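Look at the two complexes coming up: subunit A is in both, with subunit B in one and subunit C in the other.
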Partner chain A sequence: MPVSTKPPTRVLPALALAAFACVWLLDLGVVQPNRIVSGTGYGLYAATGWFGAVVVSFLLAVVIVLATRLTPKRFGALILLLTTALMAQPLLLEVFALRKLPEDSAYARIGIGAGFWCLAFFLALMLLETLGRYKASRRLQFSVVLLVVVSWWFCASREGLSSLSLIREYANRADQFSQALTTHLSLSLGAVAISAVLAFGLALAMVRRERLRRPLLGLVSFMQTIPSLALFGLLIAPLGALSAAYPFLQTLGIRGIGWAPAMLALIAYSLLPMVRNTYVALMEVPEPVVDAGRGMGMNERQIFFKVKLPLALPVIIEGVRITTIQAIGLTAVAALIGAGGFGTFIFQGLGQAAMDLVLLGALPTVFLALAADAILSALKFQRAPR
Partner chain B sequence: MIELKGVTRRFGDAVAVDNINLTIETGEVCVLVGSSGCGKSTTLRMINRLLPRTSGEILVDGEDINNADPEALRLNMGYAIQSTGLFPHWTVARNIGVVPDLLKWPARKRDERVSELLTLLGLDPATDAIKYPHQLSGGQAQRVGVARALAGDPNILLMDEPFGALDAITRENLQQEMLRIQRHLNKTTVFVTHDIDEALKLATRIAVMDQGRIIQHDTPEAILRRPASAFVENLIGKGDRGLKLLGLRTVGDVMARHLLPSQSEPLVEVLKETDSLRVALSIMVWQNSDELPVFSEAGEAVGKVTREQLLQGGA
Partner chain C sequence: MQMRSWITPVAWVALLCALAALLPTMAPLFSWVEPGTDNLVYTRDSFWFLLQSHIWLVLVSATIGSLVAVSAGIFVTRPAGRDFLPLVSQIASIGQTVPPVAVLALAVPVMGFGEKPTFLALVLYGLLPILRNTLAGLGGINPTVLESAKGMGMSSAQVLFKVELPLAGRVILAGIRTSVTINIATAAIGSTIGARTLGDPVIAGLVNGNTAYVLQGAILIGLLALATDSLFEAIERAWGRAFSI
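Right, the complex of A and B next:
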């Protein structure tokens, strides 16, 4: 932990000012008469009254003051302040709902405005910046994120926010939501797992046979260049023909649309980052180290499992990380060919012009990607030689 | 015994090792010396089959090494690598224990061996054992590399400039240590260096190499007295070869020994019987005396040495 005072950071005040500007200039929330009609927006002052406006402005001012001279104590104070602010942010919406939601209309609902998202975004950035400068331990970072997530979860399940449009959309589809979660996770993680096994084999073949390197890399790169939508579409015809020819495939669920073509396309996309990273990682193990292993009397198998693989693992995990994030995103698109997952909500929402339904699909997708990123980064960090 | 018969190694058209013949007796320390790029490492790496030879024969104890299982061959040959090549993902202790592990020694025996070697090479078994290679200085890393080569108790040691990155004092200490180990264990050793003083100090016999050929293969004394060519003469340095000759013998070899060792006043600068004649001469010149008392390691006066004895010993 730092003992001395750090030089003042310009990043934190800049972020705080940006947050200040956004929260005053943009709408904090919207009141909609029903789920389709776009409603009337309210700024910070109009939405939460002078109390909310003062609290938010004061908080941002305090951040700027604290950031001018960063002693260890102030680091602690900043982290505490920003975490609490993020945790409590949904309360702004609750106050807004209490003040502005017309009580007589059953369809009226609260939408989240750009000002709210910007505030959350900048608060999160400031928190990350502070944690980074403080060289916070993994455990502290993890606890902070967990606190915020749990707090938002808790707020969302409270009565005060039940009029939130997003939550209404969820309440109407609670079953579909958990179904979508399962489908989304099994599709993306399944594709990652299968392509990891395939990629490992391909990379090994490339390491063993130099001749295979160019054609294999060319092939997996080519698959990456096909637009995702096109690839999903292109698989419909051959898979449809296959399942028509062999009806038992249909009982397995393999058809022109649905999870089968989605899975194939996802695997095809996942191969490039996996193969490339695994191959590069294995090739970049320093020659003197391999030489030492051989010189000490290891056989080729021992060299591979005791030396090459452990040294390559951080880069391989990095490949898995990139692939997982990519697959979670692409799975959303796969909803277009009936694969299910959170993409279903996104495209339904787009079709009905119901933005909060789009959010109901998009937010969990982003959250899953961030969670995968965090977990695999932690794993990589732990595996890297200290 | 290691025999190289007409061994040649080419890299493409370039000849790195050119038809060399070399016999290294059991228990002998053969030092390969020569300037950079003359083929020393290549020769060494052909002995443990890290490099295949282009032509010729290499025999260990009369058996062609190409008939042996390469892993078994290497497990019996400690190898200290020029660039140390420590495993970056393993601690110092695990690095040193790698050959015992491959030989499937019981964990206790291995751990004892590791801390014994750490102590021997001037590292701390408590603090240094749990470090990772990137936390070591260049010199410490080299010592770990040497410890790793010794760990499996091999019959043959191949050492490629193991003391290259060390300061003069540590280097001197490790050379002494190496001589001491050698007196006890008598391992057949091939040692590569480009430092002629190190070669003179450690070698039973020296092989001087130039452009892939062995120019001269002889004892340190013979190399100093009868250099085979201008190249060797240059390598040993014409100016002080007399002094280097004095450096080959110890005071204990030439002094007049007292019948009984006696305890006596410790002097400022004492001459020990394990010191070389060169050191004795230096002290004599410095103190402007004709005769010096000689002490044992334990600090007892065991004899005396005169200037005449010194000069005759060197001649």
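Right, the complex of A and C next:
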């Protein structure tokens, strides 16, 4: 046996079996007569015929066989196979739409079933596991994710999936969607930017004056403890009173509900991870390094900008990463107080019991959070001292 | 001396209970924020009932979540399950990237409206911080400690229950604290999908434009979170004293 062969792993076969069970037991897709009615579900065989059923089952079997003895070549084959499978998965829905969608009904649409989501989930987990075991480079990981995202995007824009209810919901409110995207991003990123500046100042103050540390950290972690719905609610009355007392604030759009309380709450929540990480990062710069800078004749200002800050940067970026992910999620909740963003679709959809409208809000929110995570993690690794 | 760390949580809990009982009598106070109406106090359900239902939802999901997460964490750190460790720890960290409100919303197509989807979301999302901390706690134990425990003739079960879990306990407890804090907030949002929690007055107030309702719900939710958090702080201290190293 060659040295590079890894011992067999039970993880991939376990995941493949789970995917197999889900895809055969759960509905792959649903045909709905209109937007609200839940419709009839179709399993893998009923939805895509013997061809789709054979392709999917064969694919999972190949994964199990390949995973029994993992040589480097087989790793490559697995990554290629799983990436292709994930990229091509929307085609299953296209075949389903072609076979089962009644042609004479204008309102009929197809919905995505639990089996489809489970298959995507387990394929993604298998890909994650394979990339991890193969110790794939960040570039390879990034390319794989990009390929899958672009492929799904391409499939979604094809004619074949235009009867998908998620896409119908999108087509009905394409303008609102891009507006929600802008609002969501500007609220969450704006709050992150403002709180980054504030937190940097607070952390510097804590570094300079040790006795500020306990009260400041206590205050920001106190705010983090208050649940989002409560904080949004508590801000309505004071902001409402403020804008009633000073009408010029209303012309700026500052009212009890809307973006103003949302922004304030988002900033308050963003402070804790940001302040804590910036403070810890600045405090943990090793003293000998600072001394070396001093020895080279740097003044305090140069030491701060050329020694301390670059060394602290990865930990500060980690704070920004946590904050951004959190802010993207909380902005969705802020739709409850009329701040806009993707949360609007979620709560509208819940109100109308239109599940695909809920998806239209929830999926982009998840996607934004994952994208922010990927980008900021990459930035952190790039900045990490080698 | 040791009783002192319990004073703060007891005070918060007392304040929470007092307000939950007395808010209905404070109507004149709320006429200040909502002058135009007679509906000054949320009456569809009593605050007591909502508080109990909120706590019950969080408590049950936290118990199930902790049991599942700690057992999963133990399984993947034993020789039999070590294969799964890299994947499970990646799931724990990537999963926490998904916003809790999205998990809540996505639970509805699966389970319909009501307590059930809220419960599912709380259990699933609450698992992740506990799982991550269990892995960190068990993984952070100095290997020489485990070696010497084995050297003393302890069986692997004894090592787990007498050495590993007490040593990792504080980190695991911190994970449970994070999980419960998140879940109190998520359960409040669960009102939008039909769970009966303290979020109800807030949502009703937002829908009807009644700031008094919003305030009543928000104050109680905030107090519940603060009381729980200080309770955990006291427990963590007590744990630290009991197993101080």
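Just so it is clear, the second predicted complex is superposed on the first by the 380 of 386 C-alpha atoms of A that agree within 3 Å, B and C clash if a C-alpha of one lies under 4 Å from a C-alpha of the other, contacts with A are read in each partner's own complex, and residues count from 1 in each chain.
The rule is short, and it goes like this: a residue touches a chain if its C-beta (ideal position, glycine included) is under 8 Å from a C-beta of that chain, and two chains touch if they have at least 3 such contacts.
What you see is a predicted model; the values in this text were computed from it and never measured.
Engineer: Go through the superposed model and pick first if A:G329 touches only subunit B, second if only subunit C, both, or neither.
Structural biologist: In the superposition, A:G329 touches subunit C alone.
Engineer: Considering only the touch criterion stated at the top, classify A:V358 as touching first (subunit B), second (subunit C), both, or neither.
Structural biologist: Second partner only.
Engineer: For A:L217, is the partner it touches subunit B (first), subunit C (second), both, or none of the two (neither)?
Structural biologist: After superposing on A, A:L217 lies clear of both subunit B and subunit C.
Engineer: Looking at A:I236, would you say it contacts subunit B, subunit C, both, or neither? Reply first, second, both or neither.
Structural biologist: Second partner only.
Engineer: Between subunit B (first) and subunit C (second), which, if any, makes contact with A:G297: first, second, both or neither?
Structural biologist: The answer is first: A:G297 touches subunit B but not subunit C.
Engineer: Scan A:I64 for contacts with subunit B and subunit C and give back first, second, both or neither.
Structural biologist: neither
Engineer: If you stack the two complexes on chain A, which partner ends up touching A:V289: first (subunit B), second (subunit C), both, or neither?
Structural biologist: In the superposed model, A:V289 contacts subunit B only, not subunit C.
Engineer: If you count the residues of subunit A that each partner touches, which comes out higher, subunit B or subunit C?
Structural biologist: Result: the larger residue contact count on subunit A belongs to C.
Engineer: In the overlay, answer first, second, both or neither for which of subunit B and subunit C A:E129 touches.
Structural biologist: After superposing on A, A:E129 lies in contact with subunit C but is clear of subunit B.
Engineer: Report, in rising order, the residues of subunit A that make contact with subunit B in one complex and with subunit C in the other.
Structural biologist: The answer is that subunit A has no such residue.
Engineer: Using the touch rule from the top, collect the residues of subunit B that touch subunit A in their complex.
Structural biologist: Counting only subunit B, the residues touching subunit A are 48, 50, 71-75, 79, 81, 83-89, 98-99, 102, 132, 134, 148.
Engineer: Could you please specify the touching residues of subunit A with respect to subunit C in the complex?
Structural biologist: Counting only subunit A, the residues touching subunit C are 9-11, 14, 114, 125, 128-129, 132-133, 222, 225-234, 236-237, 240-241, 256-257, 325, 328-330, 332-333, 336-337, 343, 346-347, 349-350, 353, 355, 358-359, 361-363, 365-366, 369-370, 373.
Engineer: Quick one: which bits of subunit C touch subunit A in the complex? Just the residue numbers, please.
Structural biologist: Residues of subunit C touching subunit A: 33, 83-84, 86-87, 90-91, 94, 97-102, 105-106, 108-110, 113, 181, 184-185, 188-189, 192-193, 199, 202-203, 205-206, 211, 214-215, 217-219, 221-222, 225-226, 229.
Engineer: Going by the contact rule set out above, which residues of subunit A touch subunit B in the complex?
Structural biologist: 286, 288-289, 291-299, 302, 307, 310-311, 385-386
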